[in-house]
Each structure stands twice: as C-alpha cells, then as structure tokens.
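In this document, chain identifiers A, B, C and D correspond to the written order of the chains, with residue numbering beginning at 1 in each.
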Amino acid sequence: MSKTRFDGKFGDYGGQYVPEALMPAIEELEDAYERYVLANEDGFMDEFRERLADFGGRPTPTQYAERLSERYDRDVYLKREDLLHGGAHKLNNALGQVLLAKYMGKERIVAETGAGQHGTATAMAAAHLDMPCEVYMGERDINRQRPNVFRMKLNGSEVNPVTVGRGTLKEAISETMRDWATNVEDTHYVIGSVVGPHPFPAMVRDFQSVISEEAREQMREKAGTLPDSVLACAGGGSNTMGAFAEFVDDDGVELYAVEAGGSTLDVDEEAGVAPNSASLSTGSEGVLHGARTKLLQDRDGQIMESHSVSSGLDYAGVGPELAYLVDEGRVRAVNVDDDAALTAFHRLSQLEGVIPALETAHAFAYLEANDEELGDTVLVNVSGRGDKDLESVIEETAQRDIDIAPDMDAFAGGF
Amino acid sequence: MSKTRFDGKFGDYGGQYVPEALMPAIEELEDAYERYVLANEDGFMDEFRERLADFGGRPTPTQYAERLSERYDRDVYLKREDLLHGGAHKLNNALGQVLLAKYMGKERIVAETGAGQHGTATAMAAAHLDMPCEVYMGERDINRQRPNVFRMKLNGSEVNPVTVGRGTLKEAISETMRDWATNVEDTHYVIGSVVGPHPFPAMVRDFQSVISEEAREQMREKAGTLPDSVLACAGGGSNTMGAFAEFVDDDGVELYAVEAGGSTLDVDEEAGVAPNSASLSTGSEGVLHGARTKLLQDRDGQIMESHSVSSGLDYAGVGPELAYLVDEGRVRAVNVDDDAALTAFHRLSQLEGVIPALETAHAFAYLEANDEELGDTVLVNVSGRGDKDLESVIEETAQRDIDIAPDMDAFAGGF
Amino acid sequence: MSNPELDAAFADGAAFVPYLAAGDPDFESSIEYVEALERGGADVIELGLPFSEPIAEGPTIQEAVVRSLEGGMTPARFFEFVEALDVDVPLVCMTYYNLIYQYGDESGPRPFVEKAAELGLSGFVVPDLPAEEADPLREACDEFGLDLVFIVAPTTRGDRLERIMEQVSGYVYVQARLGVTGAQDDVSGQTAASLDRLSAYDVPKAVGFGIKTGDHAERIVEGGADGIIVGSALVDIVAEGHENGDDAATVAARLEEKARELKDGAERGLAQRAPQAERT
Amino acid sequence: MSNPELDAAFADGAAFVPYLAAGDPDFESSIEYVEALERGGADVIELGLPFSEPIAEGPTIQEAVVRSLEGGMTPARFFEFVEALDVDVPLVCMTYYNLIYQYGDESGPRPFVEKAAELGLSGFVVPDLPAEEADPLREACDEFGLDLVFIVAPTTRGDRLERIMEQVSGYVYVQARLGVTGAQDDVSGQTAASLDRLSAYDVPKAVGFGIKTGDHAERIVEGGADGIIVGSALVDIVAEGHENGDDAATVAARLEEKARELKDGAERGLAQRAPQAERT
C-alpha cells in the first residue's frame, strides 16, 4: 500500500483495459490522484477528511459486541460503518471522488449503481458539493429498488434507466462508461468500488482506508491490542480493502474476505450462470470493466451472471488488489451461502440491536465457521445497515426455515 | 436545569397525575433517577455515555451547511442527530432508560410508539442490553408503519397491537401505562419523549441533553462562538429539550421550538379536531398522560385529535418543561404548516444532501421566515433522517404544488 | 369529614357499588340502566363521566367511554343526566382530572364541584389524581360537602398509604389487584393483604377490580370488605346488548338481575363473616 | 509490418469497411448478410465476435451482441462462421480482450491468434485493449502475420498518439467523435482535426462512428480519410428486419443496397478530393 507512484498493477492484476476515448481522462485522473490524494495538493485530503467528519459522521465507532463475544467465546468488535451518513461505507468513496472532481474542475459527475447504494451515496455527496449528477441504473434494478431511486431524485440527481440487455449493474457500468467517453472533458465518473481501470482501485481503496485507519487506533485503545483477524464482506471489495488496508503490514492480523456463496458454489456453465458471487473463491483470471482480475466467466471468457441474496455483492468481478492479496496469501478468501447470511442477519439484529445490510451479514455468518485461526480478538466491518433490505429479508426468510427468525406471517408479500 | 432534587414541577406544569397503582413505580423511578442519573451512582452515567458513543455513534457532528448559509445569508449549522444509530435522536433516551431499567433490576421493558421511531430505538437498545421488550402500537399505526414494526420484530421485540379507540399513539400510551400498572414490580416503562409524570420529563431531557452539550462545544470550536439561535422541531419535545438544555443559561442564545402548524391553526371545536399539533402555540393548560402541560383540548377538556404531515409531531400535548420555558419567555414557540415543512424537506435534500425526517423539516422550514432575531449564526437540530418518511413524502408531495420537488409521477401510489 | 349519605350506604357492611359510564351507549338507555342498578340493590352508584384518555381503565370500560363520547356525552350533558336520573342512592362521579379542572370559566376544580353539589352528587373518584396533587379538589369538596374517594393499590404502602388515608373520605376504593385481568384466587390474596393494611383506618373499604359474580362478591365481603365495586361485569352487559341491538328494557332487566346476584353475594359474604369461626 | 491484404484493400483510397456482429440474429442469416456486404462493395469487413460486456459499444451494437449471444454465438462458433463465409475481402475480427485471452488451454492471446490465422483472418480490433496492454497480442499477431488495428479518439494526442502509432498496423481506426450520437457537422470538425494529427503517419486512416449515409461517407473521404467504417447504420437494418420478421434475403438485399450507397459515397468523396482546389 505504499503511496508512491506505481503503474496500476497489483502483480498481473489491474491495468487499464478501456476504450481509447477514455484513456486521456484516465491519465488526467491518474495525475489528479497523485497530486491531490497522494500528495495532498491544495490540502485536498484535509478537506476530504474534514467533510467526512462533519458531513459523513466520522469517526465511526468500534464497538465491543458483548453478546456475540459470549456466543463465539472470543472478543468480537464491530466497526460501525453502518452509522456513516447514507447508511454504508459507500460515502467514504463517493465523497472523495466528487470532491476530487471539483478539484479537477469537472462540472458534472456520472455514476453507475446496482442496488442503489453507491448511487444514493453519490447523490448525497453531489448535493452536498453542489455538483450536477446523473446516475445510470438498469431498468430492472430501478423497478426493484424504488426507494433508492427516489432518494437519489430527492437529492437532485437524475436517474437514467438503462434498458439494454438484462438491465442490471453490468449494463449500467457499460452505459456510464459510454457517457463518460462521450463527455469526458467536463465529466468525472464516480465508480462504486475498488474495481475498474487504474487509478480507480487504488484511489477508492485510499478513500476507504479511513475505515482501517480508525479501527486500528480504536482497537489499540479499546482492546489494548490489534485484532487477530479482520472480517469483511467482499463484493467489488471496497469495504474490504478499506477495512484491510492499514492492517496489511501487520503480520499478526489475519484478513478474511467473505464472499457471497449464493445458493451453491457450483456453476452452470451451460446457462452461463454462477449461483454465487464468489469470484475470489471460484473465479479465474480475466479482464472485466477495465481491469485484469478474478472473474466469474465461462470457458470462453464470457462473463457469467452472478447471484446473491444481497444485491450489493452480486457482481461477477472483484477488485484487482484483493485478487492479488489473495494470491499472495495475505488475504484469505472464504465464503458463506445465502442461508448462512440470512441467519446471521437475524442473529445480529436480535443479539446486538444492529440490523445489518445483507452484504454485511455475510461477514458475520463466517463467525459461525468457528475457524480456529480467527483467534481471540476479531474485528468485523459492519459495512452498512439493513434498512434497504427489509423487503428482501421478508421474501427470502419466508422461503427458508430459519429457526431464529421472527414470525414472518404478518409480512408475507412485503409491506 | 439544575440537577438537584426537585419536586417534578416546572412552575405549575409537570407533576404526577397517574393512577395510584403506578405511584410506587414512579417513586422508585424517581429514586433511581436521582441516584443513577443525577448522582452517577455505580458509574451509571459513565456507562450510559460510553454506550452512546460505541453503540450509538456519539458524538454526532455539528456541520456547517454551506448552501443553506448562502441562501439565508447567515451561518447555518446542523447538529446531525440523524446520524445516531437508528436514524434519530430517539436512541439517546431509549438507551438511557433501558440501561436504567437494568440498574434498577427490572427484567422487562414496555414502550409505546406512534410512528414507530421510539419503538425501534427502544427495540435496538433492548436487544443491545439483552432486555425483553414489548412495544404497544395502535393497530392503525401498525398498518401504516409496517417497516418499523418489522424492524422491532427483527430486534427481538414483541409488538402488541392496540385495537381500542382509534388505534393510534394516545391509545398506545394508555395501554402501555396499563401494562406497567399490571407488571409494575419487574417492568420499566420506557416513555418516548419529555412527557408523562415526573421524573420522566426531567430524566428524558437529561438523556437527550447530550445533544446540546456536544453542540455547544462544537459551535465554540467550529464557529468560535455560541449560536445566536437554536432551532428544533417540537412534538413531545425531547429533541427540543435536548437541543436547548445546555443553552438555557446562555442569555444570548434564542431558542426556537418549531411546532407543526398542520394545515391550519384553526381548530374545529365541534369535531374535536385540531388540524395541527401546535400545543405550545395554540393549546391551553391541562392534564394529560400524567402531567400538567399545554394541550390541544376542547372547552370541556377532552383531548383533541391532532394532525401533522409528520407522524412524530402528531401529539396533542407537549413536555411540561417546554411549556414552562415558553411561558417564561425563554423559548419562543413558533410553527410552520405542512406545506412549508414539505418544501423544506425537499430543499434540504437537494441543497445539502441530507434527507431529513419530516419532523425535522419543520425546524428548517422556519429558516424561511427570515426572522431578524435568528441572528447571524443559527444552529438547527437535525433530529432524524427521512428514510422512514419516503412513502409519506410521495403521497403528500403529489397533493401539493411544490415547485422544487422532483417529478413524482414515477412514484405515484408509493413504491 | 364524611358525607352522611355515603356513611349510611356503607352502614350495613355489605355495600354494593356498581359503576356505569353515563351515556353508554346513549343518554336514554343509560338512564334506564342506572335506574335498573338501583332496583337490583345498589347502595351507591359510581357514574362515569367519560374522558377521551382513560389511562386507568381496562379495555371494557375504554370501549364504554368511546360509545358514550360518540353518543355526545359532555360534562354539561353529564349534569343533565344526573338531573334526569330518578334514583335515591348516593351518586359518585368517576372521572379524570382534566375534565374537572377545565369546567366553567374560573380555572381549577371549584366550578365543577359546585355544580355537582347543586345536583346532589355525593363525591368523586378521580383515578389520575394522586393524593399529592389533590389539594385543590379536596378543598372544593370540603367547601361543598362532597366526599373524595381515593384508590389504594396492592402496591400502596407506608408513607403513601398514610398520605392517601389523610385525604380520603366517603370510602376507600381498594384495588383488588394490579392490572385488569387475572384469576379470582390471587385477587383474594392481595385483597386480604390490602384490607389488613387498612384495618387501622376508620373508613369504609370497598373492593373493586375484577369482581364478576355473586360468588366473588361473597368471598370479598367474607374477607372483610365493607363493600364491593363492580364495573366491567356490568359494562359487559351493556356492550353485549348494544352489539346485539337488544332493546333497552331487556338490557336493563339483565343489569338488574346481575346487580341482584352481586348484592346477594355480598350479603351472603357478610352473613358468613360473623359465624365464620363457628362454621369449622 | 502490415499485412498485404489490408494494404491492398486501402490501396484505392476510399475503402468501405462495414461492421456486423457475427451471428446476428442467427448463424445462417448472418452469413447471408456478411456476403451481401461484399456484394455491396465492402473492401474490408469487420466481424464482431460478441462479448457479454461490450463497454465500448452504443446501444445499437449492444443489442446486436445480445441477439448474437442468444443465438448461441461463441468463439468456436465464430471460427465456424468465418469458415462458412464465402467472401474474398479481408476480414478483421472485432472483439474484447477477455475472449481472446481465454481461448484455448494455454493462457494468453496466442491460441486465438493462431486459430484466426489458420482461418485466414487478417487482423483484430480490440476496443478495450489500449496500446499499453497490447504487447502480448501484438507479439502473437506478428508471429502469425496478422494486423492489429487501434482506435484513435478525438482526445488522443501527444505521447498517447505516439505510443499507439508505434503499435498499429493494417489501418488506424479514427473515431470520428466522442460518444455515439451527434450531428454530422461536428463529426467533420473533429475528424478533420484527427486526420490532421495523423497525417505524418504512413498508415491508412479509416474513419468511423456515426456514419449513416452516402453523403456522410462522401464528406469524410473528401476530408482526407482513406476509408470509412460503418457499423450501427448496418446493424439497424438487421435489427429492423429481425423485429419485423423479414426473411433473410430481403434483409440481405437492403444491406447490399445500403453498402452500395456508402461505397458510392466514399468514391464520390475521393473523386472530389483531387479536383477540390480547382472547384473554387
């Protein structure tokens, strides 16, 4: 994680696999990243951190979880990103990028969103910084995530439906890249995770690493020690890299990226469907959305449709740096299935009074594995809150037999 | 707000107008309040403040609002209680009372809730502190606020429908008092605002006064000065008293309690309906839910049905201390109508990237009054976030002509 | 400072004190019902003046309050109701403090008490008015010669009990148990303990909350109560009649019958009290 | 290092380079469509091998990609497609890097290029492969004698332009403007500037993006392009035929006609180029 000039590669991963029309913008961004983010030119990082504090609510606490600690017979601490403005870690990145766009003299931002979490965070940041914002969102996702669409509009953003293909996240990313390619001179593309071409993976990690920066300090204060292990769910991997970054050099700290195992790790090659989103655990190397990384792809290299009970993890790729750290043995890639994640969702809600995002619930589900190597002190990143997931939880819980879940009869069919 | 023994009266307001069966419990609570809260016995307040920090996410920031400041040509600061766990100031009180119940050796808590905000905060605190919890909620409110009902159940609380009468907040309070009267020996009643019999108004104020304690310090740091005025919406008045408490002795700070003016301040005596919830502005002295205070009542003393676009302000009474401070001239009671509150909701969402609760929006609406006496530096308490209100906003915006609102057509009929 | 009427009502030692909400479900029927209670043997009648927030009532009486308010009951109508009643037993007004406080132009309880006195009411029970807040009402009652009944709960002990017993007059309303439902057995248990604590005080003790049958009444009086207060069991009859659309006369007859059952039970209880020692 | 076939195709100075997605909407029809393009005057044909995430394409071609993939197109089928084609003009495969990279057992681009060479393809356009990442593919192309075409955008200048022009062979794909839609006028503007920047480089310049008519083609070639690349305007015809259920022969005829219009336009442009100075 050294913050000196580097070529955008993490081993063989990373790079800049983008249409030529975008290359100048990417070079401009690389330059801005180096100047403003890495070298704090014009006090960019100071302003960013100040806004994160005042507008975003940082620092978020690291909380000792009494009842989980009892259950697992180890000390469990929670890094409470669910308390960040907007309800997830996403704002760390969105605010950083929108502010950077301002420093770069851009007059407009675009962003993609799947379930709407990154879109809402970007819309909030854009309103706060008075920056016109358009968010691309697949039409199917728009219909599934209407409250998030509404929130973006309330913040003054435009939401552009993407109708091509299946109308989900992947198509929205393509469409946003196309907009960027068209309006590259005055527009910045606020990507939603540690994915895409360099410098996005490194830059998004740097914006998110405030998570581990704080948590490391807070663990020292509260536990008097660094954790033996850090758990974070991994979709694209931004909360993951954010929670890991400052611990990477601490050899005694095991890092666990918990992926969405979906319904099964088996892949339907024929249908081109992976009923999971476990790119690190089951994917292979390839090129997607501008970077070489681990992917869910069929033998030909076509990207597979991924699946997860949590839409924020439902992505066929993963950040290149995370892929690299897993290959290097620094990060352990593990996964839990939909059932385990839902059960963990209910458990955390009941035991700790924290209703987590379904994404986040994956990290907690891995506590059940009772993995020896988790050690005595575990830090779990609560990447977001679950308010956005209540409808899904009703639907998905009703389909399963989760003994700790409350009676769902009164909620059959949603609200 | 001196924290020495007092008789529960604020001038003529306050007192303990409750059934005899509750008096011993109230005396026990008074005793516990004095020992644990006022005298910090057994380190109660230390534990409370620590849990508020780690679990609740305190301190919440005080943020300079650039775009509002521009619009109003004064410095506007936001106290961000919307960032508290659960999304509103309500947790300050709920956590304090549930913890107090633990210190008192109670084995069970009950609470009333209207829109569900206090119920969800209490359910979260109860899960966190491993305390069985039952929440009474009117059946009509249950049907209108299903996501909040679901959240309480996720946290392991029981939600008991109250079917008597109109099935709203007032009936829920009566029913909770009845449960308390029945199970008084092992049960604590966690009341949701600075209302009810002594010691509730004083105790809830003390739990909430962390808001002004922080804000006062933060204003000194950020603005280098105390604010010229503090604005807070007032329903029962808990966020209000919390935002005012530490400023009451600062003579230079004007305190504004912004009430819900509803559709009009005129009262339909015949129908017993006040199309507003402005008890301070238009109510008269009386006795309700255990305390003497300002009320919306008809000539006979029957309590009127109140109305507000925001369900959290929709209450016919107000905390006795607030009524007293208004009579004394220390607090100015003002009000804004439903239209103004909705407009302010949209304005804040767009200008600052903060989607407020509809309750909170009332405080912001008063900024439009352009009242000279607001002075150069204004602090507004953002009592909660608006996620809970999205459906209402759709419905209410559609009925009005609010020029700054986004196009609502796609959302007609809700999500 | 007791009012002679209430003293007299409790004189025989087994007073039957029924409660009905005035105007439930309508003015005319309610008049008939109250009169039926007297025919059935009532010694005192507690007449409820409905308040919109009856925090001390169980669901049965809450619903009665709703019916009565929907039927147009107000303090003014309540006084008309009292005037229209043709009963000889003492009437006690049961209501919440806000209605008493708001009545008339002058603020405070005096105008309401004055009016009540004018109409011959004997006293008040105000469930949300604890002894600590009762001075103004107490003074008005003294001025006009009315009694102020207080409730004593199973949890009322020591200082609180003293304070209440200093204020009470007419009779003390002994709350049989906490809450509004529960088995008869533990009622007797808690009642016995309450009566025990109260034995030193020279004021009639009327026990209420959850008494539904002549048997209950019998046991309570046998246990030492000077009277029984019965509300929900009677309101249930009104509610049922209302739901079924029965005519007022039919409902009144049922009330009279129920009243008699309760009064008879109370008298049996009294009869058994003295010879109790002999029985074994 | 240019392949003689592509050199020859651009030799006359007004090459018409149409694009179609192979297998759109089905294997058989698509064969007919590609052959129709040759009949219509194509000098080179860009054959799209569809990738599931076509980040560089506008909606028209994205939809073509979806149709082709739904019709069962895969890299293996693509090679069968090429084999089944009966055309004489050089074919350039347009696809995304991941498909090239994953082909065959050995990882890296070599197996794909080897197979392409075997089937007589002349080169590649890989829109998501910038010059910086192109070394492995460049090497494989050199090994098997294929060309690697690069795209130059209106924003490509200075160092970047250098780096690309060092790698390019066959022809350079001059992107007429940013994005996928816009008026012809500013196209010409940006194109002229691009052609100007490229004039020092000795490689054919084919201009694409947004050319839809013979008129457009004429003006582009008149402006100095060595050829025109046309995709969406042709894919539109395929899409419309598919939607209307027209038979393949009808659609093929329309494609041939459109191709001729474009080729004729290009030639008119060329004809006007030399005498341009005289005209005024």
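The rule is short, and it goes like this: contacts are C-beta pairs under 8 Å (C-beta built on N, C-alpha and C of every residue); 3 or more make two chains touch, one makes a residue touch a chain.
All values derive from a computational prediction rather than experimental measurement.
Taking chain B out in thought, with all other chains where they are, the connected groups by touch are A, D | C.
Seen from the Cα centre of chain A, the chain whose own Cα centre is farthest off is C. Separation between the centroids of chain B and chain C, computed from CA atoms only, is 37 Å. The geometric centre of chain A is 66 Å away from that of chain C, both derived from CA atoms. The distance from the centre of chain C to the centre of chain D, each centre being the mean of the chain's C-alpha atoms, comes to 96 Å.
Interchain contacts link the chains end to end along an open line, per the touch definition above. Two chains count as a pair here when they touch; such pairs are A-B, A-D, B-C.
On the side of chain A, the complex with chain D involves touching residues 15-21, 23-25, 27, 164-165, 170-171, 173-174, 177-178, 181-185, 272, 285-290, 295, 297, 299-303. Per the touch definition, chain D reaches chain A in the complex via residues 51-59, 62-63, 66, 69, 74-76, 96-103, 107, 127-130, 132-133, 150-157, 160, 164, 175, 178-180. On chain B, the positions that touch chain A within their shared complex are 53-55, 57, 60-64, 66-67, 80, 82-85, 87, 123-130, 146-147, 149-151, 153-156, 346, 349-355, 386-387, 390, 393-394, 406-407, 410-411, 415.
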